[in-house]
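Each of the next two complexes has chain A plus one other chain: chain B in the first, chain C in the second.
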Partner chain A sequence: MQIEQKSWKDPVLIATVAPLAIVMVVFFLTPLLMTAVRTSQTTQYYRLSWTWNLKIWTEVFSKPHYWTIMLRTVGMAVVCVLLCVLIAYPAAYAMATRLKTYKTQIQILIIFAFLTDAVLKTFGWILILDKNGVANWLLMHVGFPPEMLNLLFSPAGTMIGMVYNLVTYPMFTIYLSLVRIDRDLVLAAYDAGASRLRTFFEVTLPLSRPGLYSGAVLVFVLSLGAFLEPRVLGGGTSPLASELIRQSFETRVNWPLGAALTLVLIAIGALTLAVSVALTMRRRPNQGSAA
Partner chain B sequence: MVGPIIDAADIVKDYGSARALHGVSLEVGAGEFLALVGPSGCGKTTLLKILAGFEEPTGGRLEIQGKDMRGVPAANRPTRMVFQKLALFPHKTVAENIGFPLKLQKVEKSESDSRVRAMLDLMHLKPEYLDRYPAQLSGGEQQRVALARALVSQPGVLLLDEPMSALDAKLKKSLQAELKKLHREIGTSFVLVTHDLEEAMMLADRICVMRSGHVVQIGTPADIYYRPANMFVAGFIGETNFLPVTATKTAAGATVTSALIPGASAEIPAEHVSPALSAAGTALLVRPESTRFVKGDATSGEWVLDGEVEEYFIKGASTQYRIRVAGLPAAVVMDLPGSIVLPARVGEKVRVGFQPAHAFLLSE
Partner chain C sequence: MSPRFKNILLDTLLIGSVLALLLFFYAPIITLVAFSFTSSRVLTLPIEGFSLQWYGELVSRPDFFPAVLNSAVVAAISMVFATAFGTAGAVAWIRYRFRLQSVFRAVTFAPLLFPQLLLGVVMLLWFSVLGNWLGFSTGLVTVVIGHVVYITPFALVIVAVQVYGFDDTLEDAARDAGATGWQVFREITFPLLWPGIFSAAIFAFLLSWGNFYVSYSLAGTARTLPIFVYSGIAVGSSPIYPALATLNLIPALLLVVTAEVFRRRALKRQSASLPSS
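Entry: the complex of A and B
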């Protein structure tokens, strides 16, 4: 195939690229820029005034309260990523290697669960996690003391909801990279004298890294913005960044603060991703695709 | 000679209700180069996988180096495999790929490095390749890395699963020559699976021809070519002619007559009669190179068929003719030495002669 060298002034090229470019500019760059501009304004008597100062940034950086919440958000996101990957990997592995016969049925079930509205599912967890809910009832009936679990309206409850709503992403990304691994590579490792466990760590795990990383990134980014779970299952006892931002905008009608916190959250997310990408890419530069 | 390095007896393999191998028995001597040949689906790859330990046989006995291999996983067998698609680890460098079996054996780093180097020299790979990834090498180089990885731990048997089927013709030829040289140099037993009987004849000491889960014939390349067990084996290598005949066994061999040549009968010596001769579908195997055009009188004992030239192909050193003969289902193929003046043109009436006593008598 020949790669065509085209001038950026080529009308056909412009016509094909333009729609996406416009969408990105109008719906992504402009709001982001507007958010950045907002931070330099002030609100008085519930009205925005067009002042140009950086007062709000001094407030953001001087109040530890905001940073506690930001740190908690990142911490929750990291724990959520770890839990999701730990749950998703074995499930994806089983789907890719052991349950081939039922894999379509399993995938359909997972997709159904995934497509069910997140609000419904999250409220569903209340029934299970409630003090008099299904979980405690079951535990009591197998001999544990009554009301043993008290997970609802705690960070643990939030975490359960987040993991439940997000675990599907890494499950599919990991599954996709696992099924792409040539079975012969596994046989070749056995043939060279490797045990099953050794083969997993020498061949399967390294080759499924792309799926593992992309799943982890998806979960991390989405859990930074988790909003529903801390409200419904966390009960507002330990708010996360999204709740703080909502409060700034809605309750306190302090738009500049909300905008600044939004930018802080985006920056934290982007920075974490940049660092993790740098760390994982450094290991193996210029490695070609599988032969 | 010490006992065989591989001793397989009555190997049966079922996949569900389908039987892939019907009691295959095979011996491979130490240092021998054996080729498993057959059309696709004949069970040759299944047999190789059973030898390697990737598949468990449903029945039968398998011993490698005198040890029963039942329940022994691939990792603990003295066999190493070169895969059809090579199966080099894409995330490991050439050095890591070749050194992988040594790493698993916990060979000391310095010794492992020197053995990887030695393999690199043996395979004529450049030392700067050590830090490259398989995807950065050419097809032929990847092939050598795969061979190096399989041989670095000095296995008792090297199993090769059509490793050259994906290469272009020229590269294939040079790698075949290298493989044969390698086998002579290191003295390891090789078992090569291939669907290409020509490749098998070039490389192997012995050939095992398989068909739908049965071994049809095991023998030296000369045996397979000149003394094929049946028409299947004979037809597997190149183009040949089969002349249907009626045969009666005699003390000295067999007497044959053909409906196409009334009144003629010929004595076939015993060494030209297939040991597996049966009554059904007996035929004379006439190699294209042992035919000639008869202009004038036939020599004594020669059988002559009347026909018409259907097509000819000039191959340089030889010219191939296809002659349509009334009463024969397929055209008679003749390989004649090349000449400046063509002996016959398309449509010309010709007489094809051959010595039945030099032909080989076999059955379906």
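Entry: the complex of A and C
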């Protein structure tokens, strides 16, 4: 495929790039900037006014309550990443190496589930996890005591929902980096007498690292904003950052606070992203050339 | 014997993990479909009897059809814009090299890395300022803008795959035969990219149709289908929501299958005709 060098004087380039660039600047970058600017507002008696001070930031940084919730959010995100990777990796590996004939059908099934309305799927989980729900009914019928699981309205319920909604991302990133691995490298390792296990850990796993890392980062960043799961499946028992943000907008009508908390979350996500990009960049030179 | 047994065990475990994952993905969906046909009001097993009454109940809700209409309008408009922007963006990503391209790539990909709730909140903060200046309040228009920003990166990635496997000798041939730039695009480039664009459009439509987070922040008083469900289940569960889920499923399944089969067949044809690159 040929690549065309384009100058900004070329009307074709402007026609291709400009509309999208303008939309993203006006409706994505400007809002981000505005969020930062609006933290300098203050609310009094449910009315906003521009005061141009940073009072809200001292509030954010001095209240341990906010930081407990932020820490819990990050903790949940880390657990969610681990679970997602552990679930996604074997499945992606099986799809790349074992189930090649059915891969289209499997992928369509996964994409279809992914595209189904998230609120409805979450509601489906309520029906499963409820004390009188499907899971407990099935368990009872295979001989377990009645009402054995009590997952709804607990952090475990939240976690199931989060993993459910996010595991698709690492599934695809890992799969894509696995199918790009040169099969000859694996065969060479076998020829050299390496066992299957050793080949996996010394050839396949390192070469699939890009997909593993990008999937993990994606899950981490996206799970920082989990809102439906803690609210609907967690029952609000242990609120996450998103709940805090919602409250500051809806209940307390304290928009500057909501803006500040949103920025804190974005900063955590951006920092993670930057660190992981720096790490992969540094690793790249001594990695194999199969990618 | 032993290594062979180990292989079989490994295969079983790996294939089992895919089946388990599929079961996990479909557990709530199957549950919803099953409960949509119940005849009782409570949503617990065992399902007592078969009935379609909840479909009737759903359709007779006065706020149901307005929500469907809102969702359809939002999804259709978002689909058109997200697909157009995504296609242009994919061509610029893959085929062009220009100054500030890395900035362009970062900015057009970033919304994908954003938790949707935060994307919605950040845009709400901007629209309320903008609304103050220009005298509008949030509603379906702001929902569409939010959806376009959120969905365009997805469309871009899907079309980019198609652009990447693109055989451009045909374009050269057309150009040699004297076609103008626009003719080349209309007669060669667009038809070749069409399968990717088509599935990006389906993807965009369904993402917008099922989107809750962005709509929730930006809809103001307007209601789309996911907001209708969210505010409904907050009050109490009812079998009308499983019925709605089931109704949702059928057209969506048809769209996804058509788009994917279409796209994969075209990709296969391309990679077969491509010598080696």
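We take it that the second predicted complex is superposed on the first by the 258 of 291 C-alpha atoms of A that agree within 3 Å, B and C clash if a C-alpha of one lies under 4 Å from a C-alpha of the other, contacts with A are read in each partner's own complex, and residues count from 1 in each chain.
The rule is short, and it goes like this: a residue touches a chain if its C-beta (ideal position, glycine included) is under 8 Å from a C-beta of that chain, and two chains touch if they have at least 3 such contacts.
These figures come from a predicted structure and were not determined experimentally.
Contacts of A:R198 after superposition on the shared chain: chain B is touched, whereas chain C is not. Between chain B and chain C, the partner in contact with more residues of chain A is C.
In the superposed model, A:W8 makes contact with chain C only, not with chain B. In the overlay built on the shared chain, the residue A:H65 is in contact with neither chain B nor chain C. In the superposition on chain A, A:D184 contacts chain B only, with no contact to chain C.
Of the two partner chains, chain C is the only one that A:K121 touches; chain B does not reach it.
Shared-chain residue A:A94: touches chain C; no touch with chain B. Contact with chain C, but none with chain B, is seen for A:I266 once the two complexes are overlaid on the shared chain.
Common to the chain B and chain C interfaces on chain A is no residue.
Chain C meets chain A in the complex at residues 10-11, 13-15, 17-18, 20-22, 24-29, 31-32, 35, 43-46, 84-85, 88-89, 91-92, 94-99, 104, 107-108, 110-111, 113-118, 121-129, 145-146, 148-149, 152, 164, 166-168, 181, 203, 206-207, 209-210, 212-213, 225-226, 229-230, 233, 237, 241-242, 244-245, 248-249, 252-253, 256-257, 260-261, 264, 277.
Chain contact summary for the complex, chain B toward chain A: residues 52-54, 73-76, 79-81, 83-91, 100-101, 104-105, 133-136, 142, 149, 153.
On chain A, the positions that touch chain C within their shared complex are 1-8, 12-13, 15-17, 19-21, 23-25, 27-32, 34-35, 38, 87-88, 90-91, 93-95, 97-99, 104, 106-128, 130, 132-134, 137-138, 164, 167, 171, 196, 218, 221-228, 232, 242, 245-246, 249, 255, 258-259, 262, 265-266, 269, 273. Residue ranges of chain A in contact with chain B, taken from their complex: 182, 184-185, 187-195, 198, 202-203, 206-207, 284, 286-291.
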